[in-house]
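Chains: A, B, C and D, in written order; residue numbering restarts at 1 for each.
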Amino acid sequence: MSRWICEGSLDLNQLLKETEDPASGALVIFSGTVRNEHEGEPVRAITYEAHVTLAERVLHEVEEEVLARFDVRQCRIQHRIGTLPLGELSVIVVVRAAHRAPAFEAARYAIDELKKRAPIWKEEHYETGESRYLEGFPLKMREES
Amino acid sequence: MSRWICEGSLDLNQLLKETEDPASGALVIFSGTVRNEHEGEPVRAITYEAHVTLAERVLHEVEEEVLARFDVRQCRIQHRIGTLPLGELSVIVVVRAAHRAPAFEAARYAIDELKKRAPIWKEEHYETGESRYLEGFPLKMREES
Amino acid sequence: MRVRVIFYGGLKNDVGAKEQELQFDRKTLTVAQLKEGLIARYPGLRLKLPSVVCAVGDEIVDEDHLIGDGDEVALLPPVSGG
Amino acid sequence: MRVRVIFYGGLKNDVGAKEQELQFDRKTLTVAQLKEGLIARYPGLRLKLPSVVCAVGDEIVDEDHLIGDGDEVALLPPVSGG
């Protein structure tokens, strides 16, 4: 279990404790959870795979970008890997800021960038017994800043 | 302790349990926390007062509006009253949706409307020993829909 | 007639009480007339009352709403929750 | 030269393995040349490799990056985390 990529359940309470900050008045959390259908097909679980070291670097970079671009004080991102049943948390973004507007914008930025840039892949397992990797976002050769 | 206005600590985990939903893939949480300064003055606590029955009705209305206006599946709003030390949660908004875009918009809408419409007042207690009610939003005579 | 007025937020500091039982020598009393009566008793409220809304029970009422004898009227100044 | 190739996401189903140790009869090998060699061995990859990016260690590398003998090259198809 690293700071960014976790094999066990994500622990929101622990992340909230680690980001406690008396100068922040706004807290925005985004979390992705495994839902029971995709384009009409009943889903029973999702397996997430990551290129772990590269994913850690990308999530760290996104955290740093968030702190640099938005008027926020804390940003943490964690993604789970392995096979997750319905309802389990696959990703958590925690942002704390003095005020709510930049906290919302920063959390949205963080999850949008994660989805485009983190080397993580989702394989859906359907009620039918079939599994499928989903279409995704092609990575960029070079990081754009 | 009611569904919307609470005298004791707000319980995020309980709200998450109450909104569990296998058809939702996105969870957005907003929370307000007591911060240690306001316009340069060190704050040591905040007292929140509500017109409880009217506030309950307004928060319930905002929840219903969120469910009607945005493509989201769950919306819960809780506000605490009483005197809160630094770092304590004063308000929680929980939104769950199939997808993240409407979940972010709905959570933002809910907290913005709460701030304009809920009959709740904040008295800041400063390190100096002084206290002050903050300027706020005048309520509307009639609800606009 | 008799009205119980409840002062929310900073208003209770201006009045020096959270609640007041007030007597009015009238047969009918609108919200606007109640506000005038309050300003006569508490001049410090003059600048604040224009942005104060009243509620009877848990209904916000207009300036021309007729207050009933024995009603409890909540005075709600601009709000600052969140 | 010898290259260890690691297939991420759906690519491992196309190849039938998560990792492959491959031999190339060359003195130098770019990422682009590695991709050509992979298509020769696994024709099913032809349509997919244009949107696949390669990483050596935890650095994403360009098509003209020179792969070293014994390098481990990760093939990263379009991503779908979150």
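By our rule, a residue touches a chain if its C-beta (ideal position, glycine included) is under 8 Å from a C-beta of that chain, and two chains touch if they have at least 3 such contacts.
Everything numeric here is computed off the predicted structure, so don't read it as measured data.
Student: Hop distance check: chain B to chain D, minimum number of steps through touching chains?
Tutor: 2
Student: So, what's the distance in Å between the C-alpha centres of chain C and chain A?
Tutor: The computed centroid separation for chain A versus chain C comes out at 50 Å.
Student: If you average the Cα atoms of chain B and of chain C to get two centres, how far apart are those centres in Å?
Tutor: Chain B and chain C have C-alpha centres separated by 26 Å.
Student: Between chain A and chain B, what's the gap in Å when you average each chain's C-alpha atoms?
Tutor: Inter-chain centre distance comes to 24 Å.
Student: Could you list the positions in chain B whose residues touch two or more of the other chains?
Tutor: 32, 111
Student: Between which chains is there touch?
Tutor: A-B, A-D, B-C
Student: Which of the residues in chain A end up touching chain B in this complex?
Tutor: Counting only chain A, the residues touching chain B are 12-13, 16, 20, 22-37, 86-87, 89, 96, 98, 100, 103-104, 107-108, 111.
Student: Which residues, counting only chain C, touch chain B once they are in their complex?
Tutor: Going by the criterion above, the answer is residues 8-10, 13, 51-53, 55, 57-58, 60-63, 74, 76-82.
Student: Any idea which chain A residues touch chain D in the complex?
Tutor: Listed in rising order, the residues are 32, 48-51, 53-57, 79, 90-91, 111, 114-123, 133-143.
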